[in-house]
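For reference, the structures are reproduced in the following blocks.
Two complexes are shown next, each including chain A; its partner changes from chain B in the first to chain C in the second.
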Partner chain A sequence: MTTTTSESEHQVRRTAGLVIEGLGVSLTGSHVDVVDDIDLVLKPGEVVGLVGESGSGKTTVGTSLLAYSRAGAEISSGKVVLEDRDVLSLPWKEVRKLRGEEIAYVPQDPASALNPSIRIGKQLVELQQLRGIGTSESRLQAARDGLTEVGLPSDDEFLRRYAHQLSGGQVQRVALAMAFLPKPKVLVLDEPTTGLDVTTQKMVLDTMAELCRTYGVSALYVTHDLAVVANIADRVAVMYAGQIAELGPRDTIFANPSHPYTRALLDSIPHLSQARALKGIPGRTPSPGRRPDGCRFNDRCAFVVDRCRTEVPALRTVAPEHEVRCHRVGEIGTWDINIGTVPDADPDRPREVILSVEGLNVFYGRKQVVHDVTFDLAKGEVVALVGESGSGKTTISRSVGGLHKEWTGSLTFEGRELARSARQRSAEDRRRMQYIFQNPYLSLNPRLTIEQIIKRPMELFGLAKGKEATDRVVELMGQVALGPQMLHYQASRLSGGERQRVAIARALAAEPDVMICDEITSALDVSVQGSIVELLEGLRLERGISMLFVTHNLALVRSIAARVEILQAGSVVESGPVATVMDTPREEYTRTLLSNSPRID
Partner chain B sequence: MEVAPPKGRSGGAAWGLWLARRLGLAVLTLWLVSVVVFLATAALGDPVRAILGRDYDSNVARRQQLEAQLGVGDSIVSRYVDWLGGLVRGDFGTSLANQLPVGTQISSTVANTLVLVLLSALVMIPLAFGIAMVSAHYRRKRPDTVIQTILLALAGVPEFVTGILLVAVFSTSVFNVLPAVTLVAPGASPWDEPKGMVLPVATLVVAVTPYVSRIVRATLLEVLDSDYVELARLKGIPEPVVMRKHALLNAIVPGIQVIALQLAWLAGGVVLVETLFSYPGVGKQLVDAVRNHDVPVVQALSMIIAGVYIVVNLVADLLSILLTPRARTAISS
Partner chain C sequence: MSAATTPGTASAGAGATGPAPESFFRKALRQKRFAFGFSLTLAIVVFAVVAPFLSPFGEKETAGPPYSPDGIFGTDYLGQDVLSRLMHGGQSILVISVLATLLGMVVGVLVGVIAAYAGGWWDEVIMRLNDVVLAFPQILLALVVLTALQDPGAWVIVVLIGISHAPRVARVSRGVALGIVSRDFVVAAEALGERRSRVIVAEVLPNMTGPLLAEAGLRLTYSIGVVASLGFLGFAADPGAANWGQMIFENRLGLQTQPWAVVAPVLVIGIFTVATNLMADGLAQASQKGD
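Let's look at the complex of A and B:
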């Protein structure tokens, strides 16, 4: 009897969904809108993807559903209706009760989302305990069940852990379990898979989809990556500069994207099945208060006409359920997913090896993390190192770059043996091999100007001085698509993508023959990733620079690399030309990686 | 990527090792301090001449007695070894001023000062945290600005000015409810007359609270902006619980560090306050001893102050580690 009720509860539980009407959030004490005019419906059991570049206002919309805004901003208009109640006009006490129990939130950054001083088990049951739901045994049992549901251990030892004792994927799943524990009706997930590798990402996404289906929960899934949304969302809302630019069922958005911005986003995404010439979107998302008149996208739009600069476009319905905010909708032709595809790198191209690694073993203290890795890199070629987190990609690239010196094996550069650490290598060798780091926020000194940063390698290697060096800097900035007006900006003023370009320009200033790029796009928006890939491809063709490209994104590999080395637990499990490995993978592990990768093609 | 969980049993040994290392370090510091204290007091010049002044030439018997007591003829090394040996045995030597053992003479003043400092700490810690919490709760709004302005002003006022103002208000013209000086009958303790403790404690509290409070507020604000506090709010945790459980817990460690610094400062820096209120504590005694060239008393008090300093810091470090899971699990695994 009881079983049947709970069964039927699972199956039949009907929620009314959530309706957002005319939502606006503005900066406190001003009329500057962060987001405005947001109309969105989450139907029961439906997953809606909210997509846009960094700064477009996705998180702001997401937290508004819980009547929350960050310090400095406030919800200024609109309604969020859940079962005939407007969440935004409820008294405080009821809002608090509603949070967690009816609308739950899974935060953006897994690393910082759990309290570092409270044990996992306690954080999981905290809300139930405060509200006096159940007994302490039933709460503990619920916590264990929740952890099992998301595929985590549920023993006492695990419950007693702190956040720092979990991996990124585990933290994210704990946050998911915590959000699901009170069985909410609506779930807001803010980029819950940023920084996770594909396998963990797939697991988190599957878990989420499964839970939503089982409990009839509606979810708003926030991300900057359309490819992720392609696999889980029923409908997609594309946001730009604080407004919804396009809204429609998933298949419509991917088959017939009608807003130039949506198309631009799609053009920047690499495909698993075929190499593409990736393109970025020029410029960047304007911040609140700096948004252009007329259509907010007009300064970056490829289809802009005069009218766009003066007249504000409205969100118009162009087909059932499909709404677009653009004056020229219907005039700009159709979009084809195959635009921009290019032939895969030719596997039979003659190769002139410049760098070769043989029998590389790398250690951290007594622990060996890389086992007998052998590969080589030819002139004007990109070789990708791919693997899950912890597979040793970065360790290998750091050893090759001479940043880590506890290794054995041989490393030859143009037939000469290279010393273990960069310090023992000749200045000339150091100049010719440049390393670019994963995190552009950490790798540039925020107080130096762009000019100082890019000039430094020229002075260091005696390539240019004074006026000549400045001219070179301007030229390099042009190559990485930064305007000369930025010459005297401090690095702290730049966005992530701009910083990464500065880091690339700094590497180029040394006139290298080999660049080692460690996950250089993983901290960036897909649109910025597109423009950086475009840039690197140009450099490879024009200058014949070779690159060792570390990443966990297989689709990106297809578009950028000629050869790929698949790593698992410190060993190469499969390697070869990109098209061969990805179209006819021999190893089970490669197949798993491929099937876990989000794809839109 | 899996991180090893803290190991239950072998953790004990790791903790023992850590503690032993820290204690060893503390002893080493104390020993270095003893060298410095000894050299500094020995360098003050000939203490016998200083004590006897004009009597130096006339009172030969007293001179010889003092010289014997201080071991003037011996080398500085052997005098140091003698003195250190005494310290280790708990023998602080004999006072030059009144020929009484230093130990008995300073024990009551040390106790008096410890009570003064501990009382001040007991009042100051909750007060400082409370103010910081209120301030952080109203961040950058009126109440916060007012509190911060007052704290900033208080932090700028030297403690003797605070003391004089308190005396002026509470024991003279305005109210005259509290005694201005601490009168202690021989053999009695200052806390036998609780009213007399109020102003000294209040002065110290006013001197120290602003620093602690401002640091704790700054940390709290940082923590309140963190993602996990945002998540706690979005989870529907009531604000007071967010503040107490999620924010305070993570702001307490930097708080402990400033409190330790301030307590250590109190242990040595009460001189002014004790002098002002004639409070029979270490500070006052130290001033008297220096004035009388009573070398053994100066040495003993300096060592005790240094000892308190070291112990307070050790305890603060221990507490910080115990309250920071990352540091704690790093030790036990």
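Let's look at the complex of A and C:
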């Protein structure tokens, strides 16, 4: 529970904004809490970032503001007070009216928010009819104004379009316009920019922040992306395992994080400005019902003492507006942003080229998607392929890996020409180049056990058999930080991060010289991303494995790669050592990408 | 991603330390439909299997005058005991249906999965040929061949029904397989250079079991229907032997005097069809919930 000081602050602000008090959501039919003890105030015109990893309950909190809980869960306690009315205890009819009209929601997937068979203009007008806003004449004009506000064209041609005729960013901005049309008082945004390119993301975020400030709307921005929060939020609430771990003004959270979890999170994210060595958080987020006693972070915390395991910490105010849920908040010293840099990013190091790509053109049917791409990869080096969606980065990596056959050009591996598809290459070439996929939920056969999955490349390439192979599997699992007890687990029982580790172990089982990593961290939480990057860096130093690292995240490039190729529409626009390209970009496109990327520093 | 607070991911996250996942069969048994259909099917199978030991009369033994009400279900047009014939008649129909279903499933699944996995031109050719076979009504194909053959054995019926199932099964399994062959773990196996047959057997097929089991249940239902219809139309494997379909045909003239001789086989066919269908439904539901 909050201290008395924050309780009295609630009283003062109750006239405006939204006040959440002691909110709890539990699984239906049991007393297992999904989230509990949430106290939060959204002031008018303020954007509050609600940050957390998968399973932290941040989306649950977001939808609770609309008195909604997903199937299987129910709002069990607390109040959500908007202008002296408790949203949670209002009759159903009034809640319906309130949703959208006073508290609006922008979902994660914009495409699902728009009806694919109704024209954009009609949807905007219909929304007002439903709410009884304006007159039949004024509605169309209001629709146009709404579109203009979010920076979209408002001519008849645009109003006549269907959702599929818009780009992802446009759809998200239409969704934003729809949310703003009834002039809501509170806006809940659930990761509205996930899946958008940085340039589009920046546009959507700027539009949102501006509208909120202009109309005095209180916004709750739910996300896993700390970098985005650092750019748009006024205050930040960090959630862990269903509770708010730390709450404070943005600058305080990023400069002086006081909860060990917040610090660990910040230690796991890459920065644009320096080649930061990343650290992951060991273990996994406990799911509802499996959360430890005492402080919920105690099993993963570096500062844990006996008290943390028995006594539940309260949210304590350590500075004005800054609340932390930790027993040892005064004892653990201050946080140092500097956790060291990746040691080996020296651009002048001699390079021993192992793989070179020359004049690569890739086609899908008659359509050419990659144009004349040339680059090479040296031993023990990480080269990053960076670009927005549609830039051809994955296509290039798939062609190099032999998963896509329709390409021309030359691909040389240790001086030997490689065949187009993996099947045409020799077993030795296939073994020495391994591909790791973006989505670990799709890349492992859910019916096989971890042992079977990791063992297979060894059997296939005749590296080890039977007992010996099993021993190697256990050893590899140790290297990727998976316990041997998982040997006989089926892949479907693992979390995303654990699955990706299995996928890496499978690649390592073939004892490769080159690993092609296709956005391998983009489906994972930041703390998991941090530990995967840590792991890859270790492997590179230890085994001298070269990596082709495909990503859209420029900050991540800084922490992992030595060289970078910036791609736009299937061509390389700029390439070179990471430090050079990122500190002194020559091309306009690189500069735009860099300036649009959300930055923390 | 943040939608991670859905029950699916929550339980997946919890799974690592939880008990081993239930077997598919046990999961299916918790479906009321499946449990009910399964026990009914089992009862009828037992009913047929115990015929040689428990039936009051032999298969072709005369029990009394024709169309008399003696015994539980009375006698038929030749004075044979209806209950005994019903029990004896079950075996052949069950064996033929199960074998035909198995054959149809194996051929159909192979064709469908290969078409889906090969893709492109191969897929087109295989599936269009498949459509040609599919164009024949199931029973017509069997009738044409049976009329042409002098003395068709039981295996001919098995093959005919199996073959007529195959294109239907192929369509379904191709659809299921299409969703699997594009997944990254299949691509990963390709990249490692696994043999194509192993990719199909080890990577694709295990992920199709749920929908395929459901399809098998459905096909079994159809098999029973077709076998019974063929018997009714006079194309039983052994004309003198008891056969549910044939019994309906033989005794239809006595429907007014001794209705049980017709109604009893109709009832068992009906019950069995409903039971296998419920089983198929239950399996489909369980496989949807699964993973």
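Everything that follows uses one rule, which is that the second predicted complex is superposed on the first by the 523 of 601 C-alpha atoms of A that agree within 3 Å, B and C clash if a C-alpha of one lies under 4 Å from a C-alpha of the other, contacts with A are read in each partner's own complex, and residues count from 1 in each chain.
Convention: a residue touches a chain if its C-beta (ideal position, glycine included) is under 8 Å from a C-beta of that chain, and two chains touch if they have at least 3 such contacts.
Quick caveat: nothing in here was measured; it's all calculated off a predicted structure.
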item: Chain B versus chain C as contact partner of A:L66, first or second or both or neither; value: first
item: Touching partner for A:G100 - first (chain B), second (chain C), both, neither; value: first
item: Touching partner for A:M178 - first (chain B), second (chain C), both, neither; value: first
item: Which of chain B and chain C A:K367 touches, first, second, both or neither; value: neither
item: Chain B versus chain C as contact partner of A:G168, first or second or both or neither; value: first
item: First, second, both or neither for A:Q108, with chain B first and chain C second; value: both
item: Partner chain in contact with A:E157 - chain B first, chain C second, else both or neither; value: first
item: Touched partner set for A:E498, first chain B, second chain C, both or neither; value: second
item: Of chain B and chain C, the chain that contacts the larger number of chain A residues; value: C
item: Chain A residues contacted in one complex by chain B, in the other by chain C; value: 70-71, 108
item: List of chain B residues in touch with chain A within their complex; value: 1-6, 139, 225-238, 241, 245-246, 249-250, 323-326, 329
item: Complex interface listing, chain A residues touching chain C; value: 34, 52, 54-55, 57-60, 70-72, 108, 190-191, 194, 222-224, 284-285, 287-290, 401-403, 422-423, 425, 427, 430, 434-435, 437-439, 442-448, 456-457, 460, 486, 489-490, 492-495, 498, 506, 510, 523
item: Touch list for chain C against partner chain A, complex; value: 1-7, 9-17, 21, 183-185, 187-188, 190-194, 202-203, 206-207, 291
item: Sites on chain A touched by chain B in the complex; value: 63, 66, 68, 70-71, 96-101, 104-105, 107-109, 112-118, 126-127, 130, 157, 160-162, 164-169, 175, 178, 389-390
